[in-house]
Amino acid sequence: MTEIVFVLFAVVAVGGAIGVVVGRSPVASLLSMIATLASVAGIYVLFEAHFLAAIQVLVYAGAIMVLFLFVIMLLNLGHDYRADVKYGLWYLLSLVVVGLTAGALLQGFMGTGATGVRGDGAAAAAAIDAVVAEKGVVGAIADPLFTDYVVAFELTGLLLLVAIVAAVVLAKPRT
Amino acid sequence: MTGVGTAESAMTALAGVLSPSPSAPGSASGVAAQAAEQWEPLLPGLIVLLPLLGFVLNGILALWAAGHSSAAVRAGEEWNPFAGPSRPRTHTLPTLIGPGVMLLAFILALVNFAGMPADLHDPVIRTYWSWIATDTISVDAALQLDQLSMVMMLVVTGVGFLIHVFSVGYMKDDQGYPRYFAYLNLFVFFMLVLVLGSGYATMFVGWEGVGLCSYLLIGYWFSDRDKSDAGKKAFIVNRIGDVGFLLAMFLLFNNFGTLDFGPIFAGAEGQLAVGGTTVTAVTLLLMLGAAGKSAQVPLHVWLPDAMAGPTPVSALIHAATMVTAGVYMVARSSVLYALAPTSQAVVAGIGVLTALVAATIAMQQYDIKKVLAYSTVSQLGFMFLAAGVGAFTAAIFHLVTHAFFKALLFLGAGAVIHSMHHAAHHADGHLDEQDMRNMGGLGKFMPVTCVVMWIATLAIAGIWPFAGFFSKDEIIWYTAAWAGAGSNPFGTLYTVYWAVALATALMTAFYMTRLMVMTFHGANRTGAAGRSHIHEAPRVMTVPLIVLALLSVFGGWINVPDALQESFAGLFGVLPMSEWLHHWLEPVTHAAAQIQIAGFGEPAHAAPPGGGEVAWAMISTLAAAVTVAVAYRVVGTNKYVPAARDPGPAGVLRRAVYNKWYFDEVYDSLVVRPLLAASRWCWKVIDTVVIDGFVNLTGSFARLSGWTMSLFQTGQVNMYAFVLTLGVLCVLGAAVFLQ
Amino acid sequence: MTNLLTSLLYEDWVLHALIWLPAAGLTHVLVSSADRARHIAFAWSALVFVLSLGLWWSFSPGDGGFALESSTPWIESWGVSYALGIDGISIFMVLLTTFTSAIAILGSFEYIKTRRKAFYALMLLLQMGVVGVFLATDIFLFYVFFELTLVPMYFIVGIWGGERRIYAAVKFFLYTAVGSLLMLVAILYIYFSSGVDSFAYEAFLNAELTLREQIWLFAAFALAFGIKVPVFPLHTWLPDAHVEAPTPGSVVLAAVLLKMGTYGFMRFLLPFFPGAVQHPTVVMVMLILGVAGIVYAAWVAAVQPDAKKLVAYTSVAHMGFVVIGIFALTLNGLQGGMVVMISHGISTGALFLLLGMMYERRHTRLIEDFGGIGRAAPLFATAFVITALASIGLPGTSGFVGEFLALLGTFETHPVTAIVAATGVVFAAYYMLPMVQRVLFNKLDKPENRTFPDLSRREMVILGPLVALMIWIGVHPAPFLERMEPSVQVVLERVEGARPVPGTAGTPARED
Amino acid sequence: MLTQALLLSGALFVIGTLGVMVRRNAIIIFLCIELQLNAVNLAFVALSRYTGIEGQLFVFFVMTVAAAEAAVGLAIIISIFRHHETVNVDKFNFLKW
């Protein structure tokens, strides 16, 4: 059952991704992107990362993509698909490089795959599940976030603050 | 604090000079050491220190005076060296200090001379402080008094004093007066260090020091390009010789572990084989040094140019003292030379060749100082001939007499030039004040100068009973005597030397007479305008001339050969000091004489072809007299014209001689120009192209690679992504496929 | 004097003070106003110099090992410590550094007009670095200071230099960096391969190295120090750096920075790799390079139109004497090399100061733009002539003692080398005298030279001690020679393997 | 399932890369970068099942950074658009040497 769901989500995700790249207009790309994000969120659920799945949908697919959409609309961007995609030799070259990269990744994953991962899969999964059972989905993430990784967390907060200020400053028209 | 340290060491040095610590003279025999202890020289350090003191005081005055004249220069005044004393007070003190310290030094030297016991066998050494001392070498700042250095000290301080006095008059109008005396005093200081130094290293200090003073004094009128060129040339050529001296010192040090005279001469016979490579190399290298300092072929080229200096300087440095330092050094190293017959033959050969070459050139010069310069070179050649044939006493003897009569000749020429200079000031158009073609008939105007110079001329020509007769005759005779010595391997060569020396002696008589005639006799060629300003030199200049003239007459009597004593040459036994110098120098030279006799056998006393010593003495003085007479007639009948109208000598040979056998030209094209070209090539090609080219190439390579990479930086995000991915691909590929 | 110093506990703090006082001065300069920067910098450097002078009395040669040693762990896990010490070799280098730094700062008062705070801060930083180089007895610390000197010099040339200053600064930096990076590799190789767990000097002395290793490591060290010296043919950065550097930069560069190279030869190269140093080919190569430097640099110097470049090339020639003196591996040679180092620092430093004065007055360095200066400025001319004579090694000046001993020492073991090198004596006259003549002598035919001002009082204060030192060392070098002798002897005996270095169990080279 | 998830992550990543390379519209390039980030997030989440909860924490951080990046990036795009009336990246290549 899980495999079938996974394959479904995977197909949607890849299709969405391709849609982003070949989308005729920014809005089309954006919608494809939302599809991808949603299906990746679904896959998160399959990996028992419920909290992240929620965040993915709420923040990513919701907030950030809406922000993109606003910008696209604000700028009233385009219907100029021909000019938007670099065809010709460049496209071919990019395909070659990307294909080679894909091949290398494939080789890497197929060659080592899960067996290349250090650690005991079942034990780690069991440990996570135990923590989730004990503290709840949010608590399982929140606990290390506010203890071991609190400095990084705070720094991230600072980063966001800086980003907000920067965005305001940059986007504000010069008067 | 450093200043304190310097002052401290200066105080130590000063204290050392005033109360020196006596030290055992070398490792020589203890008996003689006792004899030496009996005699306590009087303040030998002060003799050396006095001229240095004069230098310091005059130097301060010179800087003070120069400050004033430079203010005038800055104010835009034209510099005229003979503008006369702008401030007479810059003259008073140097006049007192310069000759004053010399007089004191000379008196001290005389006192020491009087007190020196005749039987002093080992030199008295006074050590002041340890100069260069490491674990293996120890060079002391020490003075050594023995018979040889005593003679030299007397000549240097005595003749030096007279020339200082003469300078007071000669340099009267010069603005650099204090500077002149500062240099002159410094020169005497270094010269005394040279002759009194107790080892080769100490001697070398004086050796290079006098070279420095020579450089400064030749280029004394440094605003004149030619004059400062001449100074530079003198210094560089001298330094070529100095390299020889340095290397000789190194060789000696390697063999003896010391550079002091005492141990080296005492151990030389035991440690060095007769005619061995080491001793031959040492002596030849020393000869290179001597050739540089004493202007021997092929390093003689600087001395004629050195005439650019003030004439008293030429008299003191380039005739009487510094240039004879080479002879002194060879005589000092007599033991080493005696051990190296080959070197001796080379030294004598160089000497005789120099004598001949210089004499030929002197015969065709018009510049009065150039004639005297080449005459000096030639006479130095005689001294080296003497040293080369082992007649070290004769060499020193000729050195002494030459100091008298050549100083006299130069000072006389100085008086002439001084007078001509005034004439030139008033002459119509340019008048070369040193060109003899512009002179003639000066005897009428300058009788004293004329007479004393004739005395010097007769002395140098070797006419009995003047000083030069005895000394030159002794050299020529010794050459013949050693040529005929039983087992001299270079006997034939020595005979040739003897013949050439004899011929050269006659040439000397000729060119000196020519000089006298052209200058003082015949019709005057100065021109009417200038003629009225020719006058006799002031007394401050003529008195030293007269003193030197007396010395030129009687100076030779200190060493009348025994063989001649009872003949005409010794006034049939009247002269009391038969072979006095010979006996006086005996302690210094006898070791060499012993070695030489052991090697060559006794000198053949009747050796000169055709008779004994008396006969040859008569023949040579007669020949010289005849030459003087003939030259007087021949030159007197020549019609000379003033330099401005004279086309110069005609004929290939005459021109070659006039141009000094083209030595300068040959050096210029064989040494100077190639060296400059090589230097320029090194700079422009090796430094700039090869080395820097390589360096810049590496830099360019880095730049090129950077530029190539920067081509990817188009500013286009797509391109960046592409390159980035390419990089990722490389890393990933390497990680995946190359495991 | 000694009692006074002891009562001040002088020996406990002096070495640290010599390094950190310039740093304090640097801070002071940075917080002060630009107008007062030069006085403050001079005051600090003078203070350092006065403090360093006490070493002259407090240091006693002893057995030639380090005196006033102190060591504090710095990076313990690597075995790095802040270890200082002084011996008969470094004492003179330290004194030379403190002395010439103060003189150079005093000499820059009129020369430096822009960014004065930064300049004097960098000068003090440079002083700190150089003193550190000479005092460090920990290889890591030494390397840090060695590299530290690069930075201020780079900026001094690059900011206050002449027209081609950027080229010169970059060339100087890259040349030197190439060498010192290779040396770093060599240092790390010794550290890792020979199992020493410390960067202490003694630990490196004890490192066991095969002959083959020694030769390779020798090459790396020799390249680093050889570039600093500079040894022919690695010298081309020097003329450019000198020509472009401002006067005080040139003075410090010539007087002390070059000495770091030859000091490195004596301090590290010889004791660390005795096997390689005794290898005949290695010695031959170094001697040939030294002699080539003497003759070649003299030739090239002689045809330079730029007076400063000429003097820069003479530095190469002088340092050639040091190189042959060192690699002759005789006591006289090494001591002679030391004296040449001191003498060159003084005389060439003075020459650069004099050229700087000429430049301040006339804004040109071309020899042909001068002539007859002796008429207009007699005091200047006198100082110039004395300095030039000291530079070409006239007896009675410092140059002679050094060259004489170096040549003598070389002649003991390598006569042919010494013979060729001795011709450098002639070539010294060949390059120096024409320059002196064309600047000071000849006709005063250029109107702008007529108003050439003579030495000011400040300039006399600068040149006076230098001239006095030249003559002092020339006349009475014994205090210098006797202080350095035991330490030089230690180096020599280490090379000869006759005696282990005091306080350590020296290990002669293992043969392959 | 890990291998499949990683393959999917790789696929999303290369597709995103291709998008960055061939599109000119700055906003779409941005979207493609977000796509790449998501691909990495996916790998993190998948691996967290095998190595521990930290993988999920990293995803959290990546999302935050992505949000910040989106905010600043979009602001820049707006700013550029204001000056140049375009979001075509070929037109604004002024950040080069």
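In this document, chain identifiers A, B, C and D correspond to the written order of the chains, with residue numbering beginning at 1 in each.
Operating definition for what follows: contacts are C-beta pairs under 8 Å (C-beta built on N, C-alpha and C of every residue); 3 or more make two chains touch, one makes a residue touch a chain.
Small disclaimer: the values here were computed from a predicted structure and weren't measured.
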- Higher-contact pair (C-beta pairs counted), B-C versus A-B: B-C
- dist(centroid_CA(chain A), centroid_CA(chain C)) in Å evaluates to 63
- Task: Can you check how far apart chain B and chain C are, centre to centre, with Cα atoms defining each centre and the answer in Å?
- Result: 37
- Could you grab the centroid distance between chain A and chain B? Build each centroid from C-alpha atoms only and quote it in angstrom. 97
- Query: How many angstrom lie between the CA centroids of chain C and chain D, rounded to a whole number?
  - Reply: 58
- Item | chain A residues counted as touching two or more neighbouring chains | 86, 90, 94, 97-98, 101, 105
- Message: Show the residues in chain B shared as contacts by 2 or more other chains, in ascending order.
- Response: 718, 722, 725
- Message: Applying that definition of touch, give me each pair of chains that meets it.
- Response: A-B, A-D, B-C, B-D
- Would you mind writing out the residues of chain C in touch with chain B in their complex? 50, 53, 56, 99, 170-171, 174-175, 233, 235-237, 296, 299-300, 302-304, 330-332, 335, 372, 374-379, 382, 389, 394-396, 400-401, 404-405, 407-408, 411-412, 415, 418-419, 422-423, 425-426, 428-430, 433-434, 437, 440-444, 450-454, 464-465, 468-469, 471-472, 475-479, 481-482, 485, 489
- Touching chain D in the complex: which residues of chain B? 710, 713-718, 721-722, 725
- Over in the complex, which chain D residues touch chain A? Could you list them? 1-8, 10-19, 21-25, 27-28, 30-32, 34-35, 38, 41-42, 45-54, 56-57, 59-61, 63-72, 74-79, 81-82, 87-88
- Note on the structure: The answer for chain A against chain D in the complex is residues 2-3, 6, 10, 13-14, 17-18, 20-21, 23, 26, 29-30, 33, 36-37, 40, 43-44, 46-49, 51-52, 55-56, 59-60, 63-64, 67-68, 71-72, 74-75, 77-78, 83-86, 90-91, 94-95, 97-99, 101-102, 105-106, 109-110, 113-114, 117-121, 124-125, 127-128, 131, 140-141, 144-145, 149, 152, 156, 159-160, 162-164, 166-171, 173
- Item | Complex contact set, residues of chain B against chain A | 718, 722, 725-726, 728-729, 732-733, 735-737
